[in-house]
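First the structure, which I've put down as structure tokens, then a few questions once you've had a look.
Should a chain be cited, it is by its letter among A, B and C, assigned in written order, with residues numbered from 1 in that chain.
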Amino acid sequence: MKLRITNHRSTLLIAVFALAGGLFLQACGGGEKAVAPEAAMEAAPGNGVPVKAAFIYVSPVGDAGWTLAHDKARLVVDELPYVETAYTEAVPEGAEAERTLNQYVRDGYNLIFTTSFGYMDPTINVAATSPDVTFMHCSGFKTAPNVGTYFGRMYQPRYLTGMIAAKMSKSNVLGYVAAHPIPEVIRGLNAFALGAQSVNPKIKVHVVWTQTWYDPAKEREAAESLLDVGADVIAQHQDTPAPQQAAEKRGRYSIGYNSDMSSFAPAAHLTAPIWHWEVVYNKVVEQVHTGTWTSSQYWGGLADGVVGLSPYSDLVPQDVRDLVEAKKAAIVSGAWDVFTGPINNQAGELWVPEGEVMSDGDMLGMTKLVEGVVGTIPK
Amino acid sequence: MRLELRLERSRKLEYLVPVVSVLLSLVVCAVLLLSTGANPLAAYSAMLKEAFGTSYGITEVLVKATPLILCGLGVMLAFKMLFWNIGAEGQLHMGAWGATAVVMTGWDGSPWLMIPAMMLGGFAAGALWALIPAYLKVKLNTNEIITTLLLNYVAILWVAHFIYGPWKDPVSFGFPMTMQFPEGAQLLRLAGTRVHLGFVFALVIAVALYFIQEKSRWGFEIAVTGGNPNAAEYAGMNAGRNILLVMLISGGLAGLAGMVEVSGIQLKLLKDISPHAAPYGYTAIIIAWLARRNPWGVVLVSILMGGLYVGGETVQITMKLPVNIVLIIQALILFFVLGGDILSRYRLVFDRPGQRPKKAALSGG
Amino acid sequence: MTDDKIAVALRGITKRFPGVIANDSVDLELREGEIHTLLGENGAGKSTLMNVLTGIYRPDAGSISVFGRTVQLKTPKDAIDLGIGMVHQSFKLVPTHTVTENIVLGLGRGFSRVKLDEAQARVATLSKQYGVKVDPNALVWQLSIGEQQRVEILKILFRGAKILLLDEPTAVLTPQESEELFHTLRSMREQGHSIVFISHKLDEVMTISDRITVLRGGKNVGTVLVQDTNPQDLSHLMVGREIKFATFPKKESRGEQVLEVEGVDALNTRGLPALKGVTFSVAAGEILGLAGVAGNGQQELAQVITGLQRPTAGTVRVQGADMRGKRARHFIDAGVSYVPADRHGVATVGDMSLSHNSVLRRYREPKFGKGPLLNFNAAIGYARRLIKEFNISTPGHATPVRSLSGGNLQKVILAREMTTRHHLLVVMSATRGLDVGATEFVRKTLNDHRHQGGSIVLISEDLEELLSLSDRIAVIFHGEIMGIVDAETARIESLGLMMAGQRLSEVA
């Protein structure tokens, strides 16, 4: 895993060195902000502000999951003529991150994406002392005049993958390897279960919490324990393909996450709910470039294209694809959304009454499981 | 190939070995850097400059060094007595928890009262956590390496339980963290920097430990027990009591590190109070070793270690180096210093191939 | 010169250690079928020379030839291949394995059941051939020290050794066991083996040797035939001066009882009874000797009367005060000094300086500090005084005691324990392993102490020492006191019988 990072990185390093041996010297010359943007200005076409965008990643870009999805999008915006990007990987969450953010500010970056929830407070703190820099924090809820948030309605494609999983299951048991019991993960799990039940009311979704985003060994173990209780499709809210590989090893099916994971488990991988962060990044970079950016909380879904499904495997029959595509069209059109009543909670009590649609606020603070999920939220 | 005990160890060697080891590890890392296409000299000078060449860098180094010094001093004291406390990480977590518990009572008073109460809470929680393996050692002669290590995981899960459960900030949408501490529960910071009072505490404690170790009867007891436990018993020293006392202080200091980290830097209790890549409690073991169990050494090595992190982090940005380079350098330093230490005690002897080494080689004349 | 009958010839062997020449151009010839004693004070270079011959050290100069062939000994394996084997003072046996298993261990062949049976048969043969009595099937931990030593000897014979080196083999044996060992050695000699025997005990040396080589200061100061010499000449050669073995004058008047031990029971480290109803007392100005074969409860008794171990029954009174429930530090405070048998393992901290070690049991005294603080300058001053008074040869007070010779280390321990204002001195194996000069110094110091009114419990396996120093001698066997006799009138024979388990009433 680590070797892949280095390989991936070496080309980039060579490019950086070939380009700007001198830039480095300026950069560590003591954080004089003005120098670098001026240099970039000359190259920028049109009359906008050149954008120096930094990305803070929680894991190595070689994780094949969450961070890779962000980095793919970064490379897309990096193509824009007025954009220059940089990133730092494996930045610890919590106050430790402040140092990295400050360093980018000192190095003259004017747009910083912080791509994990744990960067919320550091982002707010550093933003308070850096009013000229725009910050975009992924998955949080705190904002400031120069801090916006962005996230995607991943629950929508997860609902669709739940439909596929239920259609492919013979045991009526699905497995879900979940990271932390926080609203984002609970929401995705519930959506998956609802999607599965929509095509097969008998389906049960067993969940195992790993309490980690990124730990191949733990994720594999969790998947194996689910396979042991009879799950024949494994879905995941984790950042490595380990659960995919565990499913393939046992000859079962799997649903990936973050980005297309089919290359890791070609015989198991059915599809994956994936991120298209470039949708957000393109927009934000352009707004900063043209000076039209204002603080807001962005939460786009299938309609915006910020989330979607990776290509179906050949294993998914045409009638299932048709069924899913029809549901997807309904969501995209705005005619229907996932958390529309009637929905029962895990105890079988009515949670969302018939005809009602859960508010965004309730979805963002979701802490309960729906009926048909086997497992509890750890306290 | 085998090792033969050196009959004499020179004092010069004692201090030369770590220095040479660090230099060697930098040479090996240079090869590594070259293989990724980077210029090692530029990378090292950038690291040095980022960490110690700017006032911002220096303050950040001190921020990083603060919990390392406190944990390192605690570990050093235990090691001095040959009690292998591998549990500073867990004691740090318990200390952070103990300090937070004071805040979670809902009390919002003057910092003159709150901060001492939190320090006491952090110290006590870390100390109690360390007393468990100490007590088991004294009563049942359990292996403290195992008990202290395993209790780390319990402590980390204990903290997780509270931030996922009872202490979860009600307005955090279910995210695992406490609310931000009120101002009275935040350690004073040096204006415009993140350097907080905890650094002063760390220095004061280093001085105190120096006096305990070098000038006190109790320090003599610790040294004798570490040098020859049988002789300590023979001299009428109470080994059990000393193990408990040493671990009380050792765990208490790691607990204090947890307290200053939540009260001075994080300002709330959350999952990642100690960095994953190089957790404070484990790094402290390396520090205590490199410092030759000397309090000044702990301060010095902690600051160098802090510099390695800060320099490494920022050089990642300015030179776009992989984060793992820093981890590799850190690992290589330990590897070389441990190796160097072994070579300063033993000398390497090469035998003809096919011969089996004999244990007798270690018996002196 | 012909090498026909020469098993080993060492020529001009020189070995230097930092700051010391351990062997200075030593020549030594070992003939086939002889018992050749290597005699010398501690630090004379005996062990170094043997380590050269067993391939542990490589000499800086000189040559070695074995059976006429010049050889290079680079590892102990080389020596074994040439038929040279050594019995060290500390045995290298696995306690939970049988005798045979220990013997074949490390031979490099896997020991399957069949081979083990073969090996066992060979061990039995060897043991009969050389008169080495040991059960090949016994587990080593069940064996006495003497029997373990026989296993070590068999181990060497099993490997086909023709040349045997024995480093102070009798130091750990009872007189009876020593006799048996000599019997074995003679039988080996008759079968053509060559033996190097290291010892301090001149009477033994005179009994067993064919020739004797004396080392002094790393040099060979003479090789003599046993019939051409006597103990006085040998000791003269060893130390370069005359040593007189004298019986020390006893003190006429004794004071009041300093130590009273009554009905004491205690367990050993394995939880088995080690002391049973031990009762005795020691008065001021008296040396009470405790005789017995090692392992009969001496260690436990020493620990009980110094507070390091609690008795399971009975009372210990020091100066009339009941010490029940008291810890070692209370005994120290009550004026009990202790010189343990294990100088490196118990009595000192090897890596610490002489001055630190000189306050090891005294660091709580007011003269070495105030309140919680320790005054190291006072310790240094004190250490300087001890170095002078006891004539300790050391580079200085800051020298780690690990680098001191055995005799000097014992002086440090004695000095520390005796300069304390104490009432009772417990001394165990005070002169074991010390050279003649150091032994004499220790004995004289103990005697002087008695004459100044001190009381001493002298625990020793050396009957000669006990007889020459003690006022009374108690004999311990299986944790019980067999009897207490007056040293003046005691006969060695009856002491020997008591050491073997007969009560005073039965022998008197």
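In this section, a contact is a pair of C-beta atoms (placed from the backbone, for glycine too) under 8 Å apart; a residue touches a chain by one contact, two chains touch by 3 or more.
Quick caveat, the model's predicted, so the values are computed rather than measured.
The minimal number of chain-to-chain contact steps leading from chain A to chain C is 2. Averaging the CA coordinates per chain and comparing them to the mean over all protein CA atoms picks out B as nearest.
Chain centres here are Cα means. That of chain A falls 75 Å from that of chain C. Taking the mean of the C-alpha atoms as each chain's centre, chain A and chain B sit 35 Å apart. Chain C has its Cα centroid 45 Å from the Cα centroid of chain B. Against chain A, the residues of chain B that register as touching in their complex are 36-39, 42, 46, 49-50, 54, 56, 60, 63, 160-161, 164-165, 172-176, 180, 194, 265-268, 270-273, 275-277, 310, 313-314, 316-324. Residues 2, 5-6, 9-10, 12-14, 16-17, 24, 27-28, 30-31, 54, 60, 86, 88-90, 92-96, 98-100, 102-104, 106-107, 117-118, 121, 141, 180-183, 186, 211, 364-367, 378-379 of chain A are the ones that touch chain B when the two sit in their complex.
Listed in rising order, the residues of chain C touching chain B in the complex are 17-18, 22, 47-48, 51, 54, 56-57, 74-77, 88, 90, 92, 108, 307-308, 327-332, 338, 340, 342, 345-352, 356, 359-361, 363-364, 369, 372-374, 376, 403. Here chain B touches chain C in the complex through residues 7-8, 215-221, 223-224, 227-228, 230-231, 233-238, 351-352, 355-361, 363, 365, going by the rule given at the top.
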